[in-house]
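Down below is the structure, laid out as structure tokens.
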């Protein structure tokens, strides 16, 4: 029945491609996201509903809303990303998959990167694409849409990367959910500032190249450093 | 070694006081909240941090902030309550405690009520008490503080009650977190509207008695109905 | 260099700014006091409790074997 | 040899015993400096031309703010040393530094807020420096919350060290961003940054207070580190001997 | 009159696959019943039906001659259930966990609790948070309930999971004792149980064509 | 030259309580080692140390004559670990779950997977989401890895949990086969295992008389 060859006893995985762990985890997480479609839409719905609350709670005045819009959309996008981050490693931790990831000889930071990329594809990207709709709901002036799309595109990716560090640090903790917010939010401030202000600048007709450059720099920086920090944090979280 | 008397074989619990389940669960959940102090402070910190994000994203202008303040504080308090709700029955479900609760002959709606009361004591009440500080940070005019305290006091209790229904409905679902938002938010809208508008009215010098009356009515209504709805929802959630 | 106020009550009042100034100094010195005193007190308490534990352990060592609980278990 | 010194410093016992000798000196110096600075600042420094007597808050506000910021770096550096050289004491210092820094940050926020009332007529504005300070406060709280959330002390130390390090990378970015944000939004009505007009006679007590706060910080850090050491090493023989001798 | 639980023509299905059908049985006071069957044969499903947790079945269940739906309160008052998930809060101590069960039942006796914990080998661990216990110790906290809970009807889903041999023996003795005292114990386990009068119900005897596909694959 | 894992003077403690100390052992190719001990004696703790998941120990571990820290990559390349948590995603199907392991190892063979699933009695369940499987079936998904993973070193923490008797027998045969093929299998279980050449290490032998030694060393 079993067709196993144990002959190749030592160092079996050494010849495996550098990216095997990345690709395997990427495929698996995409499948998972597709399987739990609820989760896929949840951040979107959260985004939509909170934005709906704003006129209810604050003011329905379109002029006022137009002023609030860039900041409001950015803040809520940030929250939606943040809240979806809690599950990034949590479920892997609980069902033992994380242990298996750490025991696989594939480089941990690439596996982590795969998970973050999927997270962004599944939350940040849809949020970005939905944002113009919410812009319309909040009477965002026409000049702002381009900047909104571009800044959210770059910004949410950075948010996912930074957030993964926090998610890894809190993975072993019972109900780390809001602790994660505390840890991660201060780190989000620069992204929020440049993201929201790029939209405001675009509306006022000022150039946004400097903000976009900064957001791009954040992203590049995050891509280089965050997976390593996350990998380190996971080692601590699983061990502890 | 064992000192058990099995003589009283049938109907042992029938003579137990109506409130035994309530009291037992109340005590246990208070102990749990005290044990996981992190969780106790988390909604507060979330509240504080999100309020900090608002000026960063929107504007630091005190005049503008004063206009936003009532609605903003209410929306964020609502979010903090909502996010803390996910854990209301989730952990009980996962470790099998919920099954035990449902199999105990104590009335389920009282046990549920105990859990909701503790939830409010541990999130809604501290949020209410912290709100004035955030009012200062958002330059809320002096006239608004009384209404803010009163409306949050009544409102957060209602939010906990309503939210418990949603938490019960989503308890058996993998990662119900944001689905919960979807279910519960529409029900929260009236509370938000009356809560935020009571603060605005107070600032404008209009009487707030009508809003407070409505909030009180919501609370009374919620106290009477929500535990039953939640109990029913739990039966479905555990069975499914 | 000279004292800037005519009398003590003026010193406490500081031309109306007194409450602000004094509250700040009060809070600061309470914080400083806490930073210095709290660890000293904890340290004393720790040493005391260790001393007690150690004395108990020494007296127990002389008459009882380590695994008393073992005997009680039915499992 | 430099390295034996380095490793001795890593030994909790060595640190504990050495610091027993330093402490009385440090405490006295700190208290004297703070007393002299406060009395000078409160009573003998001249009143400010614009702000009157409320400016006397500066003597605690500014030193607290300095130390709050410096404290974060001290915390992060000790975390880094712990991660890299696995030096026992440095994690203990990391644990000790977080609450001290958080308290000093709170003091600077509180005194600033109180100062704002007579000066700007409001307790709080979203000035760049104030906002950065608030974010720094959150960073401290995050490190503390993370430390407390772990059951295993070892994991708590490593996790908070990672967070402190990530925070360190971010602090300059945060400061620059907030600065930039504020200049972008600065409302025309209020102007804050005109502090450099301070008179030299006002500066001496400030200098004394700043030095006093530095010594205070060192003292508090050593004290807290000692209690942490006692807790961590409670099974070690030298601690038991110490307890029996006390 | 003793306890009695009757199953009439019970059938359960999951996703259109009939797990068992035509299950008739009467469980009466003094019996220990082991539900047998390979993995996936429907043991847990059956137990959950018997505890009222699941109402996804066809057929009739009578408790003390009354239909299940009408006798629910009386039934629950007599039931103790331990499932795959132990019902133990990890951040509470063993003592606090058990106290909750006692309080809810209205009878608090700390002494009983301490005895029960000692009986399952957790003396000295009363005040340690449960997350600091090993897998088996955590299950033992839940099993300690068996030592003080007076309910005569026990339904236990794999109670021996993660328990060492001495523990299993003690547990078997306890189960026998409860049955002798007029109780009923219904349990599942994959380990061999050897005591007198053990009654076995093999779910394979009640399977239909579809369930056999599973067997064949083995 | 075959595999070799050496433990020198290994000691683990939890919350100031020394679980075991002075553990010396050499595990070499062809051996099956059962770690024994009652609940809470430190079996899981030991296995997690041996897998590099926990570095909370004192003493030395050598893998193929190299210190553990230096040989980590080589060690992990040879290791298969199954813990208390099975590492199975409930919303994926058994097939998808196993595919991930294969892909990460760089060798994908669907045929092997189907054979492995059939071998653990899950033929016909390949495309059912795992949350629809029973407790034992879910564990079987994880165990299916043993049928296609070529790693020679297995560390298994209570692999027989929730598995029925036939399953246990098949698993035992598999373990023996892996050992004979030059592998090493280290496992814990509370059930009796009877096969030739099984080597047992009882953690109780390493627990007493040690507290003082540790304190003096400090």
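Which chain is which? They are A, B, C, D, E and F, in the order written, and residues in each are numbered from 1.
Note that in this section a contact is a pair of C-beta atoms (placed from the backbone, for glycine too) under 8 Å apart; a residue touches a chain by one contact, two chains touch by 3 or more.
A quick note: this is a predicted structure, and the numbers were derived from the prediction, not measured.
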{"item": "Maximum centroid distance from chain D, chain identifier (CA atoms)", "value": "E"}
{"item": "Pair of chains joined by more contacts [C-beta pairs], C-D or B-D", "value": "C-D"}
{"item": "Remotest chain, chain B as reference, centres from CA atoms", "value": "F"}
{"item": "Length of the line joining the C-alpha centres of chain D and chain F, rounded to whole Å", "value": "48"}
{"item": "Separation of mean Cα positions, chain C and chain A [Å, integer]", "value": "43"}
{"item": "Euclidean distance of C-alpha centroids - chain B vs chain E, Å", "value": "35"}
{"item": "Touching two or more other chains - residue numbers and ranges from chain A", "value": "36, 91, 173-174, 179, 182, 185-186, 189, 193, 239"}
{"item": "Chain D residues counted as touching two or more neighbouring chains", "value": "135, 138, 141, 145, 149, 151-152, 154, 178, 181"}
{"item": "Chain F, residues touching no fewer than two other chains", "value": "56, 84, 90-91, 118"}
{"item": "Touching residues on chain A, where the partner in the complex is chain D", "value": "165, 169-170, 172-173, 176, 179, 182-183, 185-187, 189-190, 193-194, 197, 225, 229, 232-233, 236-237, 239-240"}
{"item": "Of all residues in chain F, those that touch chain A in their complex", "value": "2-3, 51-56, 73-74, 76-79, 81, 83-92, 96, 99-106, 111-112, 115-116, 118-119, 129, 147-152, 174, 178, 181-183"}
{"item": "Contacting residues of chain E [partner chain F, same complex]", "value": "14-15, 37-44, 84, 121, 128, 132-137, 140, 158, 161-168, 190-191, 213-214, 217-218"}
{"item": "For the chain B and chain A complex, residues of the former touching the latter", "value": "36, 38-39, 42-43, 45-46, 49-50, 52-54, 56-59, 64, 67-68, 70-72, 74-75, 78-79, 83-84, 86-87, 91, 173-175, 177-179, 181-182, 185-186, 188-189, 192-193, 196"}
{"item": "Chain A - residues contacting chain F, complex", "value": "1-17, 20-21, 23-25, 27-28, 31-32, 35-36, 91, 94-97, 99-100, 102-106, 238-239"}
